[in-house]
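Worksheet: the structure to be examined is printed underneath.
Chain IDs A, B, C and D follow the sequence of writing; residue 1 opens each chain.
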Amino acid sequence: MNQCEEQAEIVRNEQLAPEIFRLTLTAPEIAWHAHPGQFVMARISPCYDPLLRRPLSIHQTIGSHQIQLLYKVVGKGTRILASLSPGQKLNLTGPLGHGFDLAGTQAVCLVGGGMGIAPLYFLAKEIMRATTPPKCIVLLGARTAVEFGPLPQDFIDIGVTKIYLATDDGSLGHHGYIAELLHQHLDFHPWTVYTCGPHPMMKAVVSQCRKQGWECQVSLETMMACGIAACLGCAIPRADLSGPYLHVCKDGPVFKAEEVAWL
Amino acid sequence: MNQCEEQAEIVRNEQLAPEIFRLTLTAPEIAWHAHPGQFVMARISPCYDPLLRRPLSIHQTIGSHQIQLLYKVVGKGTRILASLSPGQKLNLTGPLGHGFDLAGTQAVCLVGGGMGIAPLYFLAKEIMRATTPPKCIVLLGARTAVEFGPLPQDFIDIGVTKIYLATDDGSLGHHGYIAELLHQHLDFHPWTVYTCGPHPMMKAVVSQCRKQGWECQVSLETMMACGIAACLGCAIPRADLSGPYLHVCKDGPVFKAEEVAWL
Amino acid sequence: MTQPDLRVTIGGLVFKNPVLTASGTFGYGKEFAPYVNLHHLGGIVVKGISLEERRGNPPPRIVETTGGMLNAIGLENVGLERFIAEKMPYLRGIGTRVIVNILGNSLEEYQRLGQRLSEIEGISALEVNISCPNVKKGGVAFGTDPAMAEAVTRAVCAHSSLPVIVKLSPNVNDIAQIARAVETGGAQAVSLINTLLGMAIDVKSRRPKLANIVGGLSGPAIKPIALRMVWQVAQAVKIPVIGIGGITTTEDALEFLLAGATAIEVGTANFINPRASQEIVEGLARYVTDNRLNNISEVIGELVLA
Amino acid sequence: MTQPDLRVTIGGLVFKNPVLTASGTFGYGKEFAPYVNLHHLGGIVVKGISLEERRGNPPPRIVETTGGMLNAIGLENVGLERFIAEKMPYLRGIGTRVIVNILGNSLEEYQRLGQRLSEIEGISALEVNISCPNVKKGGVAFGTDPAMAEAVTRAVCAHSSLPVIVKLSPNVNDIAQIARAVETGGAQAVSLINTLLGMAIDVKSRRPKLANIVGGLSGPAIKPIALRMVWQVAQAVKIPVIGIGGITTTEDALEFLLAGATAIEVGTANFINPRASQEIVEGLARYVTDNRLNNISEVIGELVLA
C-alpha cells in the first residue's frame, strides 16, 4: 500500500469559473504513487467544523512533485478550501482507492460532467502518453459554458483531437445532455467508455454502453468518513442488490459499470 | 443602549511581537460610541468551532470610523484571528460593558501588564485630550522586552511624559513586577489608579492602592458567552462575597477595586 | 403579494410565527433589543424564575466545547416578585408573546409560581422546567421520573389559568415516556430538549473547568440528539412539541418542524449571532413563499420516511 | 534517560500504554498500517463481530454534524469464522494487544462468540458491545436494562477464558447503575461511551439523511457527555474504566485519565487524523517525562475537586 499522510503546500489556488477552483499542491509522495481515478482526503481545517476530511479526485500530477485538484464550491468545506492561499498547508491522505483500469484498450471514450471532469483529465494524460495512443474521444458536459473554464483546452493541449461539449442551457456545444452525444460519435469498435459525473448522467451513459456492448468504467461518489475502508460508511449495493455491499473508497471509486446497482 | 452588530472590515493586521497582533478595523458604529474600557465580541469564524465570540478590549478608535484591537495569540480563536487579512470581514458586537470612569481625576496612574495594556492606551488618549490634562504616569509590564513592541512609544507619542517599564526577565526597565514601581513613582496626591492585566498584578496594585488610600479602577476578565448580560456566565463575587454576583460584561469589565472580591 | 403565513397554535394560543427564544439565552428580552426587533419573534421565553431570588452557582460557570458550550449558571434569577415588578413592565410592551420559565424545589413551589403568574397581565404561557441539570435539589428528579413529571404538571395545571408547556430533560432513557406522562398530567405542550449533562477538565490545574463540576451542554453539537428526541416525542404525544437544541439557522429550524415540532426555540445561537432568532423568522418566511405554502404548518411532521 | 512508563493494567493484562483504538473506527488494524506504527499502540479493538456475516444497513450510512458525525453502519462485519480465518493471522503479527468487540442478538449468541474466541490465539480480551444503537434487535435492549446487562456479562464470562470488557450505552438514565450491574455480572472492565442516538434531516428532500433514520453520534461534539459519564462510572465501580468519546488529542486523553479512566479508546479522530492514536501515545510519553511521573497511572482519577 502506497498511501501516506502528507502536509502538502499550496502552490496556486486558481479560480477557473464562478464556483470552480483548481488547486496546485506540492505533495511528492502522493504525486509519485497516484494513478488516474484515485483520490485524496483533505483535512480542510485544523478545527473540528467541518470535522471530516473531504474526498477529492486527483486532477493530474505535474512532474514528480505536484498534484492538482479541481473542485467546485458546494458547501462549507469547499468554501474554506477556496479561501486558502499559496504557502499555506493542506493535510492530505492518499492516493486512495482503486482507479481506472487501462489495460488493453484500443478505443476509449471519456465522458465527464461537471466536476466529474476532474479525474478524467488525469486519465486522458495517461492515455495520451502511450507510444501509440488509442483512438480517444472526449465528451464533456456542464450546466453552462463558463463552467468549463480552460478545461476543454487542457485536453486539446495534451493531444486529444476529438472533443465534444454539451451544456444544459445550450450556451456552448450540444444543447442538452452529454450522454446524448455518445451514439453520434462512437462507432462499432470495442470501445471502452470511462465516465464520471452526476449520477443521472452516468446512468444514461451506462445504459447506452450496455445496449451497445461497450465496456464501461464509472467513478462513483458517496459520503466518506475515512477513505481507507475502516468506517464502512461508503457502502453501495452490488448490481444484484445482494451479498455484502461494495465500498466506494476501496473497491472504487472506479467500478465496472456492471458491478454496481443503477437505482 | 448604543450597542450594535457590525460587519467590520479589516484594514491591517500587524504583528507587533512573536505572539502579539494589532488589528485595525473599519467599524464606524462601534468607533462612534466607544468609551475607554469597553470591549467588543468578535465572531472569529463562520463555522461553529470555535463557537463563541471572543471578547477583546477596544485598544483605540482612529478618527470616527476605525477601531483597533490588540491581542495575543493564546488559543485557537486568536490563532485564527492572526491569520485574517486586510479586506476580510470580522463580525463584531459592541461597544459593550461599563468602561473607565474619568470624572474629576487630577492625578492618574495607568498600570498595565501584558494585554492589559490594550484598553489603557484608549484611556490614555482620552485623558491626554483634555485641555489641561491631569498629571499622568504610565507603568507598563511585560514578560520580556520584545512583548512591548511599539506600545511604550505609542504612549509617548500622545504626550505621556512619565512612562516606566518593567519586565519579568529584566530585559527592559525594572527587573520584576510592575506593581513594585507604584510606590516609587506615586506621591501623596489623591491619585486615581487604573489597572488592567494579569490577576496577580492587579491584586498587588489594588493592595497598594488600598494601603495608600488611592482610588483604583480595575478592568477584569472572565469567560463570556454573550457579552450582553443574557447568559449570566461572567459572574464574579462582590467584595463581601454575599448577595448577587456581579457580571463582568455589564457591571464591568471596569470596576472600582473595592466593589469586587480579591481572592 | 400577501405576507407569508407563519402562524402556529399551541395550547390554544396563536403565535405569529414558530420562532421563540430559549430560556436563559435571551435574558429578559431587553438585552437583545439592540439586535432584534422583538416584535418580529413568535415569542420569548424568559430566564427561569424561582420563588425566591437565587445567586446561582459560583464561577467559573461556562466553558466552550467543540461546537457547543457547558453552562452551570445554576438558575441565577431575580425571583418571582422582582421579576413581576421589574421585568414585566418592559415585557408587556415588546409586542410578542412572553412565556415564563419556572423552576421550583417542590410541588408546592411549582404551584405557587403557577398561581401567582396567572394573575399577572402580559404573560402568555408557562414553561415548566423540570429538567435543569444545574440545581442540586428539585429540578432533575422531577424530569427523569415519569410519575414525578406527571405530578408536577398536574400541580401547575390545577393552580394556573395559563397554558402549561413542560420542558423535558434529555438525560433520560426514554424521553417519549416522560412526554406521555406530562401529557397525561394535563400539559398543553412539551418543549425539548434542555441541556445534556457534561463535564470538562482543565488538564493543567487538574480541576473541573466549572466550579459546579458538571454543567449542561448546549449548542450545535447537540442538535442531532435533540432532533432525534423531538421526532420520537412528536410520534408519542398528541399535544404540540416545541423543538430546542442547537438551532442556529433556518435549515435547522426546518429540520425540527419536519420532525414534528410545531415551534422551535433558539438558544445558544443567540450568543454567537444575536440576530439569529429574527433571521430564522425571515428565513421561514422566504421558505413559505418560495415553496408556495399556505402556512408554515404545512411543513410540520412532513418528514418522508418511505 | 529512561523510557517514560505508560503501562496500565486491565483485567490482569498489562498494556504498554493506555491508548487503544475504538471498535468500528480502525477497521481490522491493517487499514491504518500506512499511517501508524501499530505496535506503538496500547492495543486495538477491532470492528464488532457477530456470529454470522452481516451486510449492515443500506446507505447512506454516515452524515457529518457539527463537531461530530452520525453513523448507521449497522454492524457490517465479516462474521466470526471469517474474522478468525482472514483477519487474525495479520492481527497476530502487529505487536500489540488485540481486543475483539462482539455483538449478539441473544444471550446464547454472546456466549458462543465468547467461547469460540477464547480458543483463538492472539486475542487479549473481549469487548462486549451491549450498546450499539444501529441494530434493531438485541444490542440496545441489553444496554439499557441493568438486569439484562448483568445477564449478558455473566453469560460471556461463564463461557470465556478471556478478560471481559463490557461496553456501555450512553442512551440511559443512569449509566453508573448499568456499570454496577455488569461489575456484579463479572466484567473485568467497562468501556464507555458508545454513540449517542441522533438524527439529521435533509430539508430539500424532507427525508432523513440516514437510510436507517437514526444513527449514532460520535466525535468531539460528544466529549463533554462522555467525560461526565466516565467520571460518574469511575466513582461507582471498582473495576477499571476505559474512556471513549471524542478523544482527539493528548489533552483529551488526559482529561479522561484524570476523570478516572485507566485507558482510553480513540474513535472518530482516526478518520480526521489517521495518526491520532500514535500521536496521543507520544503526547502521554512527553507528559510523563515533563511532569516527572513514575508511571502514567499516577494521573488516573487525580481530578482535584476541593
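The rule we apply is simple: a residue touches a chain if its C-beta (ideal position, glycine included) is under 8 Å from a C-beta of that chain, and two chains touch if they have at least 3 such contacts.
Keep in mind that what you see is a predicted model, and the values were worked out from it rather than measured.
Ranking all chains by how far their C-alpha centres lie from the centre of subunit B, first place goes to A.
The chain pair with the larger count of C-beta pairs in contact, out of B-D and B-C, is B-C.
Mean C-alpha position of subunit B lies 47 Å from that of subunit D.
Separation between the centroids of subunit C and subunit D, computed from CA atoms only, is 34 Å.
Note: centroid distance subunit A to subunit B, computed from Cα atoms, is 53 Å. The residues of subunit C that reach two or more other chains are 65-68, 219-221, listed in rising order. Among the residues of subunit A, those touching two or more other chains are numbered 48-50. The touch graph of the protein chains shown is complete. Those residues of subunit C whose C-beta lies close enough to touch subunit B in the complex are 24-27, 31-35, 47, 53, 55-56, 58-69, 71, 73, 76, 219-221, 248, 268, 270-275. Listing the residues of subunit C that touch subunit A in their complex gives 66-67, 220. Interface residues of subunit A facing subunit D in the complex, by the touch rule stated above, are 1-5, 43, 48-53, 91, 93, 222-226, 228-237, 243-245.
Remark: subunit D residues 65-68, 70, 144, 171-173, 196-201, 203, 205-208, 213-214, 217, 219-225, 227-228, 231, 246, 251, 254-255, 258-259, 302-305 touch subunit C in the complex.
Considering their complex, residues 45-50, 76, 80 of subunit A touch subunit B.
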